[in-house]
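Both complexes shown next keep chain A, but they swap its partner, so chain B is in the first and chain C is in the second.
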Partner chain A sequence: MATTKLGFIVQRPGLKSENQKLALTHAIASQSVEIYLDDDDEVLCDVAFIGDGVLNCIKDQKTLENYDLNSTESHVKMGLLCDLNIFVCKEDLEKFGLSESDIVMDANEIGGDMDVRVVPYDEITKMMEEMNHLLFF
Partner chain B sequence: MGKLTIGCFASLVGSTNLDFAVKLSAAALEKGHKVDLWVSGNGTMISIEDQRPFKDYSSLQKPLEELMAKGLNVTACEACAEARGYHENNTLEGVKRFSMDWYLGSAFDADRMLHIGGE
Partner chain C sequence: MKLVTFVSDYKMTVDTLDRLKPEKLGIILCQNGVFHATTKENGNSSSLLNYTADYYVLKEDLESRGLTAENVVDDKVKVITFGDIVDLMFNEYDKTAWL
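So, the complex of A and B:
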């Protein structure tokens, strides 16, 4: 059995590009990657929002109403539903005057068990050191 | 020899990131490495056939065809391509189209991975 760990680092804000959504959809694709792998092999994906990227996690996004597009918020919740580890940088959140109460923290309403983890950047650095490959979006 | 997985999400026109990815692929193949090139988002533009070369815009159809003949494995994100109107019937011969899990599957046994995000 072998495991490859991929770290998806989202550092750019939403709506100006599709980076944040592509990061999440690619990470969520780890749920079906086994069709390309041998039995018991796996790819695990962690996602971290840092810098301006933390703005992607603000809750009550209205992109469906305004642009007829799924919100990044819904993608974050889907990631939690798929049991991805999702981190948000505490210092960068505070830089914008935001706190846990301003961002999506769980996906309870769709049956997700995982919570977003707001952590100091040091902890995100440790996560990155544990990854085999890092993908910056 | 190793395996290199390159993901490029930048567009063919408006950026030279895809040019760099193709040149890096060529260099790695030349050294005998296996190379997987995944294009997603605007990067799927490289998968369309009948690109007309102008000197003011990047044009990678010819070098891409030459590299695929040497073993470069090119796959485009099917959903990203379809969203842009790039369909199976106007896809460059040799370019495969799969869902995003293909990229992760390629990353699984890659010795090195280079991810070039979109603009």
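So, the complex of A and C:
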């Protein structure tokens, strides 16, 4: 049995490009790739928002109303619904004067069980060390 | 020259704004540029707000990022809509630039 671990690191603010949505979409897609793998193989993904990337997590994004686009917030919630581990760097949030109350933390309204985890950068470093592949967005 | 400049990035590595010397300068913060109006890093407002200029921030792009007029950290930044931008370009400024 082989487990491949992928870490998606989002370090830039969103909407100017599709970077942050690509990271989340790829991480979510990893949940369906198992149909192409051998029975005992699996792919596990974690997503971490660091640096300016934490600005992607501010809640109540109204992209659908203004631009007819799905928001990064909705992608984060879909990630939680797919049981991805989603981390947000505590130090970077604090640098911007933000706290857990300012960001999307769960996907309860669509049935998600997982919560976003606001953690010190050391913990994100630990996660990155455990990954087989790291992808920066 | 009366120049209105769109700033659409949060982290800028160019100093074009320092070199511009229009008689009247307007700065419209749009796309990720809206974070200049709302975000303090380590308690400090963006240095982009230090120019002698009229500042505007686009309401639609604030809302798209989960922000509102209440998040604007400096009173000199006026929240405007797309319609207001058209009025500014046609009535207040001779030229536009996009950084």
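Everything below uses one rule, namely that the second predicted complex is superposed on the first by the 137 of 137 C-alpha atoms of A that agree within 3 Å, B and C clash if a C-alpha of one lies under 4 Å from a C-alpha of the other, contacts with A are read in each partner's own complex, and residues count from 1 in each chain.
Going forward, a contact is a pair of C-beta atoms (placed from the backbone, for glycine too) under 8 Å apart; a residue touches a chain by one contact, two chains touch by 3 or more.
Quick caveat: nothing in here was measured; it's all calculated off a predicted structure.
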| item | value |
| --- | --- |
| Combined model on chain A: chain C and chain B, fit or clash | fit |
| First, second, both or neither for A:Glu73, with chain B first and chain C second | second |
| Chain B, chain C and vertex chain A (Cα centres) - angle in steps of 10° | 90 |
| Touched partner set for A:Ile58, first chain B, second chain C, both or neither | second |
| Chain B versus chain C as contact partner of A:His26, first or second or both or neither | first |
| CA minimum distance (chain B, chain C), superposed complexes, angstrom | 12 |
| Complex contacts: residues of chain A adjacent to chain B | 2, 4, 6, 17-19, 22, 25-26, 29-33, 35-37, 41, 43, 45, 132-137 |
| Residue ranges of chain B touching chain A (in the complex, touch as defined) | 7, 9, 40-41, 80, 99-110, 113, 115, 117-119 |
| Sites on chain C touched by chain A in the complex | 8-11, 31-32, 35, 39-43, 60-61, 63-67 |
| Of chain A, residues touching chain C in the complex | 13-16, 52, 55, 58-63, 65-67, 69, 71, 73, 95-97 |
